[in-house]
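Let me begin by presenting the structure, written as structure tokens, before commenting on it.
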Amino acid sequence: MNSKWFFSLLILSTLISVGAHFFTHSEPLKFATACLSLLFWAALLGKATENVAHYAGERLGGFLNATFGNAAELIIAIFLVQEGLFEMVKASITGSIIGNLLLVLGLSVFFGGLKYKIQRFNSMLARHNASLMLLSVIALFIPAAFMKGLEKSEVHTLSLVISSLLILGYFLWLLFSMITHKEELGEGIDGLPADEKKEIQRESGETPASGVVAAAEEESPDWSKGISLLLLIVSTAFVALQSEWLVGSVEAVAHTLGWSELFVGGFLIAIIGNAAEHSAAIFLAMKNRIGAAVEIAIGSSLQVALFVAPVLVFVSWLFGQPMDFVFTGYELAAIAVAAFIAKSISQDGSTNWFEGVLLLLVYIILGTAFFMV
Amino acid sequence: MNSKWFFSLLILSTLISVGAHFFTHSEPLKFATACLSLLFWAALLGKATENVAHYAGERLGGFLNATFGNAAELIIAIFLVQEGLFEMVKASITGSIIGNLLLVLGLSVFFGGLKYKIQRFNSMLARHNASLMLLSVIALFIPAAFMKGLEKSEVHTLSLVISSLLILGYFLWLLFSMITHKEELGEGIDGLPADEKKEIQRESGETPASGVVAAAEEESPDWSKGISLLLLIVSTAFVALQSEWLVGSVEAVAHTLGWSELFVGGFLIAIIGNAAEHSAAIFLAMKNRIGAAVEIAIGSSLQVALFVAPVLVFVSWLFGQPMDFVFTGYELAAIAVAAFIAKSISQDGSTNWFEGVLLLLVYIILGTAFFMV
Amino acid sequence: MNSKWFFSLLILSTLISVGAHFFTHSEPLKFATACLSLLFWAALLGKATENVAHYAGERLGGFLNATFGNAAELIIAIFLVQEGLFEMVKASITGSIIGNLLLVLGLSVFFGGLKYKIQRFNSMLARHNASLMLLSVIALFIPAAFMKGLEKSEVHTLSLVISSLLILGYFLWLLFSMITHKEELGEGIDGLPADEKKEIQRESGETPASGVVAAAEEESPDWSKGISLLLLIVSTAFVALQSEWLVGSVEAVAHTLGWSELFVGGFLIAIIGNAAEHSAAIFLAMKNRIGAAVEIAIGSSLQVALFVAPVLVFVSWLFGQPMDFVFTGYELAAIAVAAFIAKSISQDGSTNWFEGVLLLLVYIILGTAFFMV
């Protein structure tokens, strides 16, 4: 699309959404206009992420994107914690984790796989992601498993201890992946040993001259470093704003349709709230930057499990209404299932369209079960 | 064995079994004669599969063998569904999955491993098999996990949705493995990169001149393409027939001995019903065609979980007696345990005798537990 | 430390501990003196193991160390079985398994990782260890899963069958790893293919001249083969003796402090009882012999699960007080969690400091939960 037209439509749709939000009372109208505006902002966010990733490298770019994407969710969740809506908070944490692991990763792998036969990313990163996912599952599973034998105050103490350990683990992971072992975890395919690079070129079915690696590199960025970063921040802010408006009206719409809170919190809100991650990850996967796409999808769900969720436990203490770390059996089953299939598919550091299908099938199975419960 | 002698004994044993089936009422006699005849037909099936695999390549050959092997089970199961014997159907589905994953794969890996120090097969195929096994476990686990919160009609709807998704997944897997990524999933060791081939030769402990790869290739087929295929079909049909007779009399014998239905359905019937897969897979493994053996064992259990079981759910609707997809805790435990150990052992694409021992130990543990329950 | 000084302090501290044990009644004094003496003996054991490993190779050395380390635990457990204290026995088996998999392995990987950026060991061994761990978890899980449907006498029969199978599996594993596939499982990095060795040298960040491989080899042993072996046996005996004294007094101390038996048996006794493994494994990891450290940590926990625990079931029959193989839900959860995270981290045959952190975090989470229950 022509750049001038794009920005015109972006601004126009935003103005309409703002108007609908403040000057009408029709929830469906608010929903539709926020949705339209969100589409343009998510597209801009995807483009901005791609540009920032160009300057910052895939991993830092992916991390920035995941962080900006989760900032919105953290803010919304803090409001929910303040009002004591713990069940909704846990449902949306669950939904965010499985939405990223299954839907975002599934769509990225599927659409990337339609265009490129086999896509590869740093397998050491993949294995560490898998181990971190397992830590998350263990941390969520232990309080539920031991709850029966504990008093309520002990459950809260255990929740605080586990939350502290997860936050500690998350910061040590940042130290490890950004500083001490930055090189080994690599910058996408640039971080791969030379022979793996060659293999990628060979398998991509293209001639070496227009090989995948070359293709991924030769593209010049649209904007300067500063403007890219500015657009990343601005578009993240607007995606967050529009997401919140969307969430506000979607709940009213869902109630009218008679859908369960577990489904609304765990699926509908998570899908819309992760629109930023969706668009950016799929966008990058289709440019054969699957490493950055994986970093956004898996990195974002790890951030939710290892940082956002534990921080919410501490925030709940500040508000004087302590929230525990005990998830329902349904939520634990969903998170465990999502973590295991994502681990199984990503741990070899290579993906194809069928692996995307597998992730999406599991997402639909879980979605159906949550819709019915 | 001399070919003429073999066919004489095959025909003779078949005639005796036919006679015993139609003209006597002694169950033990029926059982013994069907067993003897089955041995010869299974041997012929193994030989025919090997020949077809020679022409069709290991993966297609393995797929054909798995399909022909499961056709018999599907037919028997449809009769059971028609009579509403859902528990028996689910027990035999369970038995077929764990029988293939543990007993068939275990024996193949063990006997193949006694002859060859390390046997290798395409590791990309192994990883995809593992992910598909995980999908099967998830699909069986979710209805049981969510059942408590659902009404009976909702369980049936969820069962239908999951069945549709599994069949869709199975056909996309065929599309993926037979068409879009045929080359990557490789034709056994021929599909391995050159350096892996060399490694196999080196590790086989033989001189390069009489190396494993050469050994596997130089053997010329016994029959032409057409005759091989004809013998595959005929021997499958007779194995199915004899299996059914065996199953019929074995139930009577088992009842006399006072064995539980779960053990008869899940172990005895499954072992006999999979005689075809057994003989073919072990035969191939001992010829160092472990790739085809794995394709038969794991492929067959995947076919049961992703295709046979869901089809039976739909068939039950046609009969007006809907069967759900909820397995008992024992069955789920057995399938999950079998899938995890098979995944752990097969996912590196290499096997040895001790890995066969591990699979067989788990099979005996499960068999003992099912026998006692 | 100067060798003469070391042996003087060793003998002195031992004499003091002996004196405190036989001539005083103060439990804290017994505890403190046994602890001090244990430190020196554990250090000697580590040094002796390192020397034996030099002569015997990493795997046999590691096996010897694990066996000598577990001998003490087996002897203590037999006394407990004789007195019918089955809960305490199972708690200490659990504690020993998770202590080795999480604490010993975690500390080794962490401290080794602080010194060397990436440490590698034979990945075929790692995968087999992972499969054996899975077998252990399955063997412990099945009796608990099927217990509800079984009578008490059937549970005991099932326990005996599973115990026999595990001991059979353990001896076949020794046959496999020490005889038929000794070379493939390799002697640490010497067993790696040439290109992996180069990679290790490259990644170690040292110049090839003083490379890791060279560094690990060039160190000459302190003692002759015979003296090393003698010191190994003597120091193991004293570590066992001091451990037992420590355990005796620690229980009294713990009771005074009001700690639960599950925590004392599963954590406190296990930590102290495994002091030998701790010191030896960390010592070796910091000398970049991570292969031997892994063999001690994982090998020791496998030995407990596959050999010590089943032998205790048989011993209980000899005493006429049969012990079953049914562990509590908490114990199963802890063992499964430990096995999965250790598997996830070790199966690629490479470790770094952050993977040590992950293991330790899980250990602290489990410890907190057990402390509260």
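For reference, chains read A, B and C in written order, and residue numbers begin at 1 within each chain.
Keep in mind that, in the parts below, contacts are C-beta pairs under 8 Å (C-beta built on N, C-alpha and C of every residue); 3 or more make two chains touch, one makes a residue touch a chain.
Going by UniProt, the chains are A, B, C = Ca(2+)/H(+) antiporter.
Given the structure is predicted, the values throughout are model-derived calculations rather than measurements.
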Homomeric contact subunit B-subunit C: same or different residue positions, threshold half: different
Angle of the C-alpha superposing rotation, subunit A to subunit B, to the nearest 5 degrees: 120
Euclidean distance of C-alpha centroids - subunit B vs subunit C, Å: 39
Multi-partner residues of subunit A (each touching 2 or more other chains): none
Contact set on subunit B toward subunit A in their complex: 124, 127-128, 130-132, 134-135, 138-139, 141-143, 145-146, 149-150, 154, 157-158, 161-162, 165-166, 168-169, 172-173, 176, 180-181, 184, 343
Subunit C residues within the subunit A interface of the complex: 117-118, 203, 329-330, 333, 337, 340-341, 344-345, 348, 350, 352-355, 357-358, 361-362, 364-366, 368-369, 372-373
